[in-house]
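In what comes next, subunit A is part of two complexes: it sits with subunit B in the first one and with subunit C in the second one.
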Partner chain A sequence: MALLLDIATTAALLFIVSAGLFVIFGVLKIINFAHAAWLTIGAYTTVVATKMGLSPWLSLPLAVLVGGLLGAVTEIAIVRPLYRRSLDAILATWGLGVVIVQVITLTFGRDMQMPPALITGTVDVLGLPYSSYRLFLLVAAVIMALAFVLVLERTRLGLNAQAVIMNETLARALGINTSRVRLVTFMLGSAIAALAGVLLTPLSSVDPTMGISWLIGAFMLVMVSGTSVTALALACLCFGAAQVLVSTWISPILGSVTVAVLCAVMLRLHPKGFARG
Partner chain B sequence: MTDDRLVIEALTSGYGETDILQGATLTLRRGEILALMGRNGMGKTTLLKTVMGLIPTRGGRVSLDGVPINGKPPAWLLAQGVGYAPQELPLFQDLSIRDNLRLALRGDRDLATALKIVERNFPFLLERLDQLAGTLSGGEQKMLILSRALMTEPDILLIDEISEGIQPSVVQRIETALKAEREQRGVSILVVEQNLGFALGVADRWAVMKLGQIVDEGACDAASRETVLKHLSI
Partner chain C sequence: MADRVHSSPKRGRLLTRHGTGLALLGLLTLALVLLGPLFLDRFTQNVLTRSMIYAMMAITVDLLWGYTGILTFGQSAFFGAGAYATALILTHVGGGAQNFALALVLSVILPMALAALVGWLSFYHKSTPLYASVISLVVPIVLSQAIFAGGSFTGSSSGLVGYPVMKLGAANYFRLAGVALILFAGLAWIIVRSDAGRVLIAIRDNPLRAAYLGIRTQRVQIILMTVLGGVAGLCGFLYANAGRIVAPEIAGFGFGTQMIVWTALGGRASIFGPALGAIGIDYLGAQLSGSMPYVWQLIIGVLFVVMILFMPRGLAGLLPRRQRTAAAPTLATLPDRPQESSKDALLSVTGLRKAYGNFVVLDGIELEVRPGELISVVGPNGAGKTTFLRCLSDGTETIQGTITLAGQNIAGRPPEDVVALGIGRKFQVASVFESMTVAECLRLARATHERPTLWNRASGIHLPSAALDILALTGLDKKLAEPVSGLSHGMRQSLELAMVVAMLPRLILLDEPTAGLTKAERTLIGEVLKRLTQELGYAAILIEHDLDFVKEISQRIVVLHQGRLVMDGPVEEVVNSELVRSIYSGMAHD
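Right, the complex of A and B next:
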């Protein structure tokens, strides 16, 4: 039972961490290597909020706000001229990530921060005490996935985003403001990444480079998922399960690279990954 | 008030370092259907894309009711009442008929009214709104493309090779719909075509494009077919 819960909550965590990168890659077709920095910024939002005496829960909307605003500035100032130069976009966002890490280091130092957790303690699941926070992550991931589907299927922004994904020239010919769709998408992706950073804080050390350890896994999961939310959820579940099993039965060190390795193998054998076709 | 609605003067544009349009000059008048013909690669589609702001203008001028529109984005042109039915990848194949139609509107508030306009010409689309556009037959897809362009009730309509690869009965339905729109609303229509029968059947005037320039034009009459054929022959 504990193993099943570990698999489900690990998959949820992977989904939460990958979601922001997925949104940006799905619509804009660029890999935002500043994703790690957004995760870190989100975590430090919790640090700042709690140092100011605010409830750690308030850091959730604060991180969304900070992430969204920084995302807007980044899209307009850095990413917008590079949509047709995807390699340059990767380098530029990587560089931005490095700068952000240095700014955080200068501001907060290299020391590990320990902000209070959103939820502490355990709950009984069929007689087994299990971390309340990990179960909370499971609920958060399900809400996030449902919100994705709802926005994509039921809102005008979602419809416009689908049109841009499928055929940007036609979308533009129909009068859709594709620049605005890109800006809003980048803001959303950045906001979700910052939110993920807040959610990571009880599970991960908060230091200036904390996001980097999550970046490769998130990147590989997005690569095997394409533009499908279902594919991302499936990838997180399958590879999250593999990570838990390898960590439990073989070695936690090997477990930490399982997701990246399996994604690479999958891309070699089936380049479309979990995406349809 | 002049009858000239869309005036294209010495228009130059292209891709990369190549100029496809090399000084094209053409006028679309109020309430007329004008057929622009020419062999493949002569610049007909490029002309429409340039007018719609999808390709930057390199020289010349395009004006709408006397107002220069060079460099205006498609959204602006659509708001001014210019409709466009493209030829290349013209539908979102994985979206439903309803969503394909919705995307031509800026919001869903006007959808009910717009669907009534669709019903006027191609009522079968309303019975299959949830069907994916990619599962429609070639002719049905063309009718959907035209419906999407007509449902915003444009004053000027640019149509790119709508009759390509479809059966005569569908071509006839499209011709009827275009004539009805012109009769009922006085819409000015520029049809880019290779189907001579359809083009000369639906249009009031014709023009022929060669190597990025308009080389001849005239009114549609008994002699038009022969004249145009001479231009189109290799």
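Right, the complex of A and C next:
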């Protein structure tokens, strides 16, 4: 039972961490290497907010704001000029990540920070005490997934984004302002990543390089999922389960690379991943 | 084979004037490296030894990324594998000459095996550059986690230290690393300027065209990665001996990305730029990072982003680009493919159906093409003509029905294999190699027939007379040494056609070769096609909108309409048919 809960909450966590990257990859077709830095920034937003005496809950909207703003600046200054050199765009976002991590290190030092958690304690699930925070993450992931679907299906932005995903040239020809769609998407993706950073704080240590350890798993999950939310959820569930099982029975260190290895092998053998069956 | 030439063309001299200057520079550097320990203190010697080993790693990254377009973060994994293989042998088996030999061999072989595996994972038909990059990230992370998980065997997070090393002394390690660097840089410099080096650049610039010239791009990429994995392992061997310590970080992704930074800042695709970038940044870093570690990395990070944005060629881009002084190569005639006597069908298509989900693009196509035939495919936009050509030339497209070429079913064969069976495809938008000269493009078209050498450049190109005709008629033969980027639209179309013909295919596929050409150019291409098919026995399938042009040159016309082959017959019959009139006047849309 505890194992099942672990699997469900790990999948939720993977989903939350990958979501921001997924949004950006779907529309802009680039892997945002600054993703790790966005996660870190989100976590440090909590550190700053709680130090100023604000409720840790307030750091959620704050992180969205900070992430969105930084996302806008990044898109305009770095991603847009490299539109036609996609591998260079990846490199530039990675360089940006390095810069951000160094700035955080210079400001806050290398030490681990311990912001207060959003929710503490345990609840009983069928007679088994289980971390209530992890359960909260499960709820958060479900809400996030539903929000994705709603935005994609029910809003103009979502429709425009879908058009850009399918055929950007055609979308532009039809009068959709594709560069605005790209900008908004990048802002959204960054904001979600920063939000994920906040949600990570009680589980992961908060230090300048915290984002890196989450990065590869997120990359690979997004690669196998393509542009489908369902595929992403499914991938998180399958590979999250594999990670929990390997960590429990073999070695936690190897568990941390399970997702990446399985995804890599899967993509080689079945290049479409989860995207189409 | 008829197209094999017996007399090898005259090879260009290796030491051109430029080459002599470089050889002198190499000797000067060699002297500096050998005498250096007399002037440098021990600390500087140690740091520079490490920097020079790193410089070799930067060159491997440059060959992969700068020249071949494989953005890799994973060279550190092979370096780490070599270093750990060495340290593990020396720690657990002990020192002694035979153990050093064993460590040396293993430090090359293990990384090569790992690199071959990574290559197989990364490069396959239709794999994307992004996928290869992400795989290259996974490898060092997995390896360093494995080292962490290795407990006392691998020394886990504290690494291995205190194992016996080759007792050469700091000065001689400095010399050894320096000599190795000079040799490797020289070797790399020669290779990237050779004909084989052009193949790497072709794969970087236009992998699709390279594959359709019959070049096995994935195989080249895997071999390159394997060889450079071995070089990285050798660097690891040197590092483990000279540094007397190995730690998991050297196999990790952080180190792998540092190599990218050296390469980008020094200047990708310049060999010397990345080497100097590595030495400069590592040496300065060692001097400065003690006093201001984070600021130093911050500066490097900012520089890196700025360089990528505004100076993609790195610091090497500040140097004026060397004028191409290479003399135009000489052209030599090769016998054309002998007329095929057999009247059997060269290509036969039966029951071809191609659909994307519910959307059927082609259905029930039956077609036979014999040697010497020129068949024109006409039909309105969206009739499936280009898709049809793609299905004929790429056996990995999922289709129903069978396509046989020269008696072989092409199902499952990627383009380079179909090309080997005798197909040559000319794309709708001229697909050539933008950064090369006309002669280099033509030589690449011959790459599968005359193996490009690793050491120098052939001074002559052997082309079949039909290809020479195209060059002569269009005046391209006067522009052999000129870059392709300066050619007109018509010239590019002609160049691509000449490249396709140079492969001596049996069947040429042409997708609107006359679109956007002037009347004169069009007539010229028409003449060439007539000669190729009627006189020389090539078969050709031509997609064309211009019915007048089609009437001029072809014997048979095939009409595609809404994915179906609705007519197949002699020119006059088809052109004057009611059906074609109505399709072209837009009335046949049910």
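Just so it is clear, the second predicted complex is superposed on the first by the 276 of 277 C-alpha atoms of A that agree within 3 Å, B and C clash if a C-alpha of one lies under 4 Å from a C-alpha of the other, contacts with A are read in each partner's own complex, and residues count from 1 in each chain.
Just so it is clear, a contact is a pair of C-beta atoms (placed from the backbone, for glycine too) under 8 Å apart; a residue touches a chain by one contact, two chains touch by 3 or more.
These numbers come from a predicted model, not from an experiment.
Shared-chain residue A:Leu87: touches subunit C; no touch with subunit B. In the overlay built on the shared chain, the residue A:Gly53 is in contact with neither subunit B nor subunit C.
Once the two structures are superposed, subunit B and subunit C can be ranked by residues of subunit A touched, with C on top.
Contacts of A:Asn177 after superposition: subunit B is touched, whereas subunit C is not reached.
Once the two complexes are overlaid on the shared chain, A:Gly127 sits clear of subunit B and of subunit C alike. Comparing the two interfaces of subunit A, the one with subunit B and the one with subunit C have no residue in common. By the touch rule above, subunit A contacts subunit C in their complex via residues 30-31, 78, 81-82, 85-88, 90-92, 94-96, 98-99, 102-103, 105-106, 212, 216, 219-220, 223, 251, 253-254, 256-257, 260-261, 264-265, 267-268, 271. Here subunit B touches subunit A in the complex through residues 52, 54, 73-75, 78-79, 84, 86, 88-95, 99, 102-104, 106-108, 148, going by the rule given at the top.
Against subunit A, the residues of subunit C that register as touching in their complex are 69, 71, 120-121, 124, 126-127, 129-131, 133-135, 137-138, 141-142, 145-146, 148-149, 253, 257, 260-261, 264, 294-295, 297-298, 300-302, 304-305, 308-309, 312.
Note for the complex: subunit A touches subunit B at residues 156, 159-160, 162-163, 166-167, 169-177.
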